[in-house]
Every structure is written in C-alpha cells, then in structure tokens.
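Should a chain be cited, it is by its letter among A, B, C, D and E, assigned in written order, with residues numbered from 1 in that chain.
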C-alpha cells in the first residue's frame, strides 16, 4: 500500500516538500575558503586518485588515477560496469577509504568528509539489526550536530515524527516499529534512503539507491529526490546502472571504464527541470541514452582487447 | 613369594620432617619385610585423614585421634581405629605476641584470637575457656586459613593464634621471627586439656580383612620411629628422597621438635611409644565430647586398639638429637 | 505459541527434576556413604532445617558476590572495550590477563587478606578478579569481529570512536556479553566463597569450611546447593534481561520449515 | 605493513616489561616484605635456581592440564552444540550448568579424590570440570545467534541439521570459540593446580602448597609465574591457529580512514 | 575485465554451453507420479497459499491466497511492486517457509522442495564470509547428491575447475580465491548466480539475480541463462523488476498485486527463441512491456483506493 504515486503531476512532490522540512543552511563550510577556479565552490575533488586493495601478487587495482571535480550543489550520476570502482569513489568521498595515491578533497579539506554533513545510502542497505527501522533511520540525528545535542532534549518525539513522515513518503508507513529482517529487499532499500536523508545533509552519496525497486516505486522516488534537490541544492553523487535514472535525475553523467575504473566520459544533461517520467520516453532523452550506451560498449570492448 | 599387600597411606599434611618415620621405614624396606607395599600420599590436614580413610580411598594414615573420637561418636561402624599413638602430648597451643600485652591466659579477654576453623585448637577453645574460668564472651575469635595465622599475628591483626605448636613454631621461624623470645606459648596440655593427638590409624575394613597387615604396618613404623629418634640426618635423607622440595634445615628441627615436645614424655617412658593410658584416653574423650557437643561418648576401645602393637620391649624409644 | 512454550518449560523442569532423582537413586543403589556424596533428599532436609542459621551467611555471600560481580563487569567491559579497539592493548593486555587468570586465586587471596584484612574486602576483590576475564574476552572478541559494514554506517556520519562503540560495537556484542555474564556470575560466587574459606567469619564459604571440618557433609552440600541456587537465580534474572536486549540476535523466522 | 607490525609487537613487549618494572619498583619503594609480595627479580632468580627441581612438576601439571583441557573442549563443544540447537536442552542444561559452575571446585576435588584416589585423575577431572563451561556458553550463544540467512543458504539445498551445524554454525562461532579457549585454558590450569593442591604428590600445585606451608613465598610466586607462563604459551599457540581460522571475522579493510 | 561480451551474436552463448556442461537428467522424480491436468507434469503448485508473518496486532499478511501452477520445464517470471511477497513465494517453493494456510506442492510432494534438486539465488547474495568465493560456490556440491559422495573422492579438482569455469563465464575470472567482502555488489550477485547453477539443478529459483548489474553485464547473463534453459529445460521461477528482462527470458509472466500479494495477471510470452537483445527494442516487445506496465499501474491504484 504505497501511499504516494507519481503521475507526472506535482501533487506527490509537494507533499514531499512539506514533509522533508529542510531548513536552508548557509554553506558555512566555505566561508573564507579560497574560491575554486569556477565561480561555484568545489564540493568534491578527486585528483589522480587511485585505490589498490591488497598488496603484492594479490593486489586488486580498483580505481586508477581518477580525476573528478564536482561543484557545490551539482547532481552527478556515475555509471559504469560492475566492479569498476563506483562504490570505491563514494567511499573515498565519504572518508571511509583513503586513496592509495592521489588526493581527495571534500568540502575544502583533504580526506575528511566530516567537514560537510554527508548522507550516504550504501549499496547494501546495512541496517543495524538490533534497532527498529525507525531507530535506524533516526541514527544520523543521534550522531550529527546540531541534531545530536537536541536529541537528548525534548525533540525526540519531533524526530520520531520526522522519521515516520519520511517512511510514509517512501511507502513504508507503519513499518517504523519493525526490525530490519522483517522487511523485504526493496523495503530495506527505501529505509536506507530515508536514513541518508533524515539529517538534511549538504552532500548526498547514493549507491544504487533504487536497485531493488520496481519501476513504479522507483519513478516515484525519482520525483521526490528531484524535488528535494531542486529545493535545497545539496551536492549529489549518485551511482546507478539505470541510464534512464541517470538522465532523469542528474545534471551531469560520468561514465566509468571497466576495472580499474577511470572516468571515460563526462556529459551534461540539459533537460529542463522538473523533469517528468514522460520525458524519458522522448527522442532526445532516448538519444542521450543511446549515446551513453555506445560509450560503455566501446569501453568494454576496449577493456577486453587491452586485457 | 606371594604378592605384597598394597596399603594406601595418607600423611596428615604436606611432607614434613615429623613424618620421617614413615619415609625411613619405606626407604629401609621395613614395609617390604612385612610383605607390604605402602603407597604414601600427602594429606589435606590431620582431620581429613579420617575422612579419607572412612570413605575407603585410603587404608591407613597419620592423623588426629580427636577426629576419630568425633566420628566414633556418630558413626562407630565407619570410624577408623588408632593403632599407634605417635604424639602422646597435645600440640594444641595458643601463641601470643609479647607486644600484645598478653601475659597470662586471663589476658585473652579483650583480645582477638585468630583461629583456623575446624582445627582442634579452635574447636576446643570453649572447653579451654570453661576449664580455666575465663569469660568466653570477651574473647573475640577471627577465622582464617592456617597459613595466614602467623603473618596476621606478626602484622598485628590478631593478638594471639590458636595453633599447633609444631607447625606454628616453625612458621614463625620461617617468617624470620624468634618464636621463643618474642612470643608466649600457652599449651593446652598445661591448662587442663591433656589430650592425645596424632598417630597411625587404619580402617576397620583393613583390621577385619587383614589384621596381619595392620600388625606389620605398625611394626615397621615403630621400627622407623625408633631409628629416626637415633639418627635424624638419615631421617632427613629419607624425607628428601620422598620430596626434594623440603627445606632440610627447618624440617630437621621440626622432627627434633616433635620428639622433644610431643613424643618423649614421662608417659612414653613408662608405657613405651605407641601406646596410650586408657584412663587418660577416657578423660580426653570426655573433653572432646564436651567440646564438640557430641551425643554419644565412645569408649577408649572404640578409638584405640593396642592389639597390633609390638611387645613393650620393642617400643623402647631413645631420642638423641644429632 | 505460548502453549508450546509452556510445554517446553514443563519438559525442561521435568528433566531437571529427573537429574536429582537419578542422583538419589544412584546413591541408594551404590550404597554411597553420605560422607562422600549425600543424597539430594538429605541435602534438602539439611538445607531446610538449617536455613534460619544459614540465612545471614547467604545474605553476606550474596552481597559480597554482587559487589564483586558488578565491579568485575564494569572492569571487564572497560578492559574488553580497550582490548577490542586497540591492537597494542590487545597484544599487551591479553598475555598479562591470560597469565593472571592462569593463577589460582587461592594463591592470591592471602595477599588480599594481608593487605586489606579479613572479611568482605578480600572476598569482593577475589570475586572481581575471578569473574572479569570471561567478560573481557567476549567483549573484546565481539568488538574485534564487528562487521566493518555496520561500523561504516556510523563512520560515514563522522561519528567518533566512542559513538561507534556505543551504537554499534557494544549492541552487537550484547549476546556474547550476556553469555559471558553466565560464566562471570558463577565464578563470582566461586571467588567470594573461596575468599570466605580462607579468611572470614561469615558467609557460606565459612559455613562450608566449618561443616567440612565437622564431617557434616550434608551441610557442606547444602552450602553448595545454596550457591548453585543463587547462581541459577541470578542466571534467570539475566536471562530475562537478555531476552529483552538480544532478541534480535536469536530471531528465528516465525514461519520456518523443519 | 610488516614494519609497523613489528613496531607494534615491540611496543607491546615493552609495555609488558614495564609492568614488571613497575612491580619491582613498587615493592622496593614501599619496602614490601618478600613474605607478602616478592619482587619479580627475586621470583625469577628463584625460578632459575629451582628450575631443575621444578621441571618434573611442570611436566606433570602441563600434561594433566592438557588432558583435562582437551576433554573439556570436546565436552564443551558437544554440550554447546546441543544447547545452541535445542531449546529444551537450553532450558534444561543451562540452569544445571550455571549451578554446577557456581560451586567452588575446591569442594568437589575431595569427592573426586575419594572416588579416584589422589593424583592425576582428580586433577584431570577438576581441570575438565572447570574449563568446559566458558566453551559451552560461547558455542551455544554462537549457534543460537547465527543469522538465519546464512543457514538458509544450506537449508535451501536440503542440507541436514548436521550439515548446517558443520558448514555454518560452527565456522560462524569460531571467533567466539577461540575467545572461550583463552578463558578455558587459564581455568584448566587453575583446576589442575587446585586439585594438586588438595591431593597430589606432584605438580606445581603441590610445589606451591609445600612452598607456602614453608613460607617460601618467592617459590610460591615462581610456581605462579610458571603457571602464568604456561597459560600464555598456550594462549600464543591458540592465537596462531586463531589467526588462520578466524581471519575472516577480524578483517579490517586494508584502506581505511582513522 | 569482463571476458564475455554479448553482442547479439551467439558467440558468447556457445561458450556458455560448452562450459556449463550439464548432463541431461531424466526427470526421475516424476516417474510413476499421477500426471497433472496437462500433458506436462506440474513442477510447482501453490493452491490458495497465504503467508502471514507475526501474530496479533503486528501481523503482516505477506501473501493472500495465491494460486500458481508451473509446469515442469517452464520459465516463469514474477513481477510486482516492492514488498508484495515475491521472495516469500520463492521461500515457500524452496521449503524455507511454510504457508500459513493453503498448500504448496513441489515435485509432487507437499512442502519439501528437497524432492527436487533446487538452485536458489537469494535476493541478498549471502555468501558465507569465512569461505572464499570458490568454496562458497562449491557449497552445493558438498551438500547435494550425487556430488556429495563424489566430493570427498578424487573429484575435488574437477569440481574446482567447474566452479572456476562458471566464474569465468560471469566475468569473475581470478576472483575465486577472494573472500566475499573483497567483491563489489554486482560481483557478489554474479557469484550468487553461480552458486545457484553449479549443481545442475532441475529447478531454479532466482530472486532478482541481475539487480545490481549494469545493463550490459545483465544482457550478457540473460543470454547465458536463456541458453542454459533451452538446453536443459529446468523449471525456472525468476523474480525481477525489469520488464524487459522478464520479456526476454520468460515463457510466462505473472504480475502480482501490492501487499498482500496475489497473482493479478498471467500472460504467455510468445516470442521465438533464442531471443536477442535487439528484439527487446521491437514494437511487439515494447507493446508487451506497456501492457504489463498498465497492469501494474492499475493494480497499484486499486490497492491505494482499496486501502
């Protein structure tokens, strides 16, 4: 009984906006920082970052000299073959991993993504099994300032309402009190998305957040995410396998090569916002899709021949 | 030649010089001569010797006659029988630190005595108090493990300790004290509690099934005791043979102490080593019955049997320190 | 299914009773002397008769044990957390702790007594020192084997090590923490009684010591039964808490094939 | 990073040495009598001097302990598996086991002695009976908390309960099994020594008892050091095996932020 | 470096066939069984099966009176909104769960799927973390007869070769010796598929086996799976969210309603085999897709209004 349905109108989206009450945050992290080359400050910058797992004979190069620059408030999609290092890039940005060589700068500082309030949706929705879904979702509020200090005080009920409102939006109304293992794969993934959003992050790192969902639930959530982005302009880095999804949501799409990954292509997506599902069937959109497809096919062939 | 009879024999405690008679008898083949194969194990206390024999785990042992009296009262069928009274003087004593100000037994009132639960000395304190007209209410007793008594006495946590003199004397020596100069000894024997103490006991089962073995055992031990009384250096060799961990200097002195204070007495010179006087034994039983509040008074014959003792002539012990 | 739950409990209860019946029969049939192993019926009778005398001793031992246990748990959790988190602490503390644990506490009690006098303090210390190790080991192992994926959830939020410990490490470790509590509470009793045996004027250890030198074996066993009973009572208490706290870990699907 | 690994080990070694230095200094500064707490240097000297005499006792205790330990581990794993798998066994055995563990083994040793005579047999039994409980608890908890998802992988293949136990339950429980071994090996030594103290003519327990009744405190402590050393040696041995077997559980990403 | 590439030709597929050396197995389970209504024996039959999780107020009805009959050798795809009970159906069929009411008959017997050799790919690729990928994949050979008895004997190397051949096919060559946590999400999913196939099962239960894969790897695997099915005709029950995938692979597509799930529509897919990726862009195919889409949209709207 998914309560929201995305039907091209803005009805669902409006609900989304009223529920996801995000206070606008002045981007204080950048006050006083030297400006990047462009007029918009840089949120994420990877310079020749490589990651190699393991050592010696068993070393797996996961990422090879990747350079990527994402401006503050950009919505970038990352596509590429399985195992090419997309998740690794997200881990670099979130500070969970460090580059073997090269530099990763996030929010103006090296390594630490902590300078910014980051929301991360992991590819595998790891919910803490001893907590109900609601508590799992409220976890960021328990950790991240300024919510943290408010958590112990009166605002607990308020926070719980917020979690439940989010859950309702993604079609999980009434499941807040359940434990993770009582949810289906797709439901867990939606809860995972809620956890990434609840603390109103300035930066969103989404690793295939809609992979286990059916087309319709997925499109519904596209709409919500787009609206969220348009309202608050967080920096978003989205990993996806769905080229339509990338086209619908992103302002820029980066195509990665097979492992060890590099950025092969970096195209802007010009379609006007708000985009609708109907648009994804239009010729321009299909053409973009085809162009990206061709890119990936080439890359794969190249990788095979190179190997 | 027929198989030797195996006798499992438990000591009263860990290896001590005062046990030398057994080791000497074993080393010199006295047991073998009697057709016995005696296996000597270390013990957990002279009272526990009785339990070990009653349960059937051991056939014989070196232990406290007062524990036999206690058990003979409640389980006359199971209690072991003393067949050779080694220590005819009681080692039960109270040792007080001179610094505590205790000069006479009257001074125990208002002081704290440290006792190891269950040891005869501690258990018989009420009889001691009663016999000597002291006020038991005013004497405080604190319980502790035996090997803590001397350290706590030295440290001053207690003013006097309820001990076995043969143990405590050397414990004080080992704690680098002078037991004669800095401490005052009150022996129970001097204050109306004229008890017997440790000797060789055997199970009733062994007496019933193999009286010859019992007689042989006693004969061999008697020989050992008489030999050891003459030559303590040879005795220590046998002890060292049994347990190479012992402190020879101290154990030799302990052995000598046992002869001087516990074995050699006018009574022994009169009736020979190993025997008892029945009227004294009856009196001793009376003390125990009173002290332990026993419901039945065993007869001396239930507790001690002189049936297996060698003739008086063979039990002439002459102690010469060397 | 509460009905089958009740049947379950009844069944287990019956098995426990069966254990004692088997013991009773064993003693009767082998004609075992009550000096060696008294029959449960004798023990229970003794326990019942002597209960008024035993009561203050029970209270003493229980209080001592609980103080030692609580301190031991606190120490165990703290040390376990340190060892589980830091590799250096792991390499340093583990050998020392294993070494310390391999030492019979009987040998340590006299030292405590000489330092702190006889009575409650050494009993508490012995109890503490004997019961904290299982907790250390399980907490440390639980923390060391926590799935990095779970920790990543918090790390990505910029959580401090303490946050991670509190929100991931410790909850994840709860089932094994409770497991170690079962071991710890039993050993806490052992420790307290041990110390009472060595130097104390009160407590079950003291009673058992006296009884044993009196050859009152049924009373010794009554003391043992009291200890076992206290241990089980606390175990039941912890089990109830455990059920609340670690239900997530022992979940079995409601609908499951056999 | 082998260099930092070595530095790590050196660092831990230094801390352990520091511990003994601190002890030495503590004794020197407080003028502690060696009758209460000897200095480590005295203990090591005694240990060195008496080593030839101690050696057969060490062997005796080590052999006894190892037999008890191996039997204890076997019993612990078997019982733990039963308890972890069956709810009825859980409800029945746990109270009995907790009860049994709450009983000081000192009180049980004399019974063993009365049944089996003094010497090796009661020592093995005591060692066994004291060391199996931590193993039972951890195996049972490990099995009970195994994620149903992992079991499903085998269940879907129609695997038998034994298959599941062997391929999922036990491997999953390995980290906690090794954790419990650390506790068990220490307690196995305690048990063996305890029994030797009460009833044996050989073994470190006997040595310590003799030494202690002679107030040869440095020798008592030398015995304790030997025990601690043996415990640590076996711990190190198990650690090596553990590293091989449970590496998967303590994995930390090679590339990780602090 | 994914070694296989699906480019519309049958090259990759042929490789697949040579590697997946499946011996034909006479369908012995059915010898002597009474025949079902049709001429083909029934492999799976759910009659009014419902599943409710939990009890009392917290009860979650997951499946409501579902009736489904799958003939031996059929390839059925199951599509439906997230949380509607698709995974639950697979659990029923594999014997991991039992229906609260109703009957589940598999291989002629109630409840037990053990009557048949089943290969199951779980939605969440749960690899045993203490085993390398290779060992994980060989697990069914260790458990299932007749491999089980051969496992201890000489055939271990043979089995290992088999596992590595499968891994190579799905593009995981050289990863057999790694541990599960060293693989990316998509790589794990491919390993998961290998584990479902290695013991040459007569029945395949696949729960979104391609969810975390990029489009190209996915299409490659479609080809392999199709070829496998055409050669050995196992009974396949495939859960997917991708209508193109369902159309490409299945002979029959069942559409489920929102939770509690029921089968709403059951359509045959008539396209000739072997199907190619190119076919999925043809109008007929797109029309089928649209038809299914419409169905799901209707069901969702109905569910919402009903609620």
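Convention: contacts are C-beta pairs under 8 Å (C-beta built on N, C-alpha and C of every residue); 3 or more make two chains touch, one makes a residue touch a chain.
Treat the numbers as computed from the prediction; the structure is a model and nothing was measured.
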Chain-contact steps, minimal, separating subunit E from subunit B: 2
Centroid comparison with subunit A (C-alpha atoms), farthest chain: B
Proportion of interface numbers common to subunit C and subunit D (over half same, under half different): same
Geometric centre distance via CA averages, subunit C-subunit B, whole Å: 40
For subunit A paired with subunit C, centre-to-centre distance based on mean C-alpha positions, whole Å: 48
Residue list for subunit A, restricted to those that touch at least two other chains: 53-54, 95-96, 112, 124, 181
Sites on subunit B at which at least two other chains make contact: 51, 55-56, 147, 151
Subunit D residues counted as touching two or more neighbouring chains: 36, 114-115, 148, 155, 212, 246, 249, 251, 253, 256-257
Residues of subunit C that touch subunit D when the two form their complex: 8-9, 11-12, 15-16, 19, 36-37, 87-88, 91-92, 94-96, 98-107, 111, 114-115, 133-134, 137-138, 140-141, 144-145, 148, 155, 175-176, 178-180, 182-183, 185-187, 189-190, 193-194, 197, 205, 208, 212, 220, 223-224, 227-232, 235-236, 239, 246, 249-253, 256-257
Subunit A-touching residues of subunit E, taken from the complex the two chains share: 1-3, 5, 53-54, 58, 60, 79-83, 87, 123-124, 171, 177-178, 182-187, 190, 207-208, 211-218, 241-243, 258-259, 293, 296-297, 300-301, 303-304, 307
Contact footprint of subunit B on subunit C as seen in their complex: 33, 35-36, 110, 113-114, 117-118, 197-201, 206, 209-210, 212-215
Sites on subunit B touched by subunit D in the complex: 8, 10, 13-15, 40-42, 44, 48, 51-52, 55-57, 147, 150-151, 171, 174-176, 243-247, 250
Subunit A - residues contacting subunit C, complex: 94-96, 112-114, 118, 120, 122, 124, 126, 128-131, 139-140, 142-144, 179, 181, 195, 199, 205
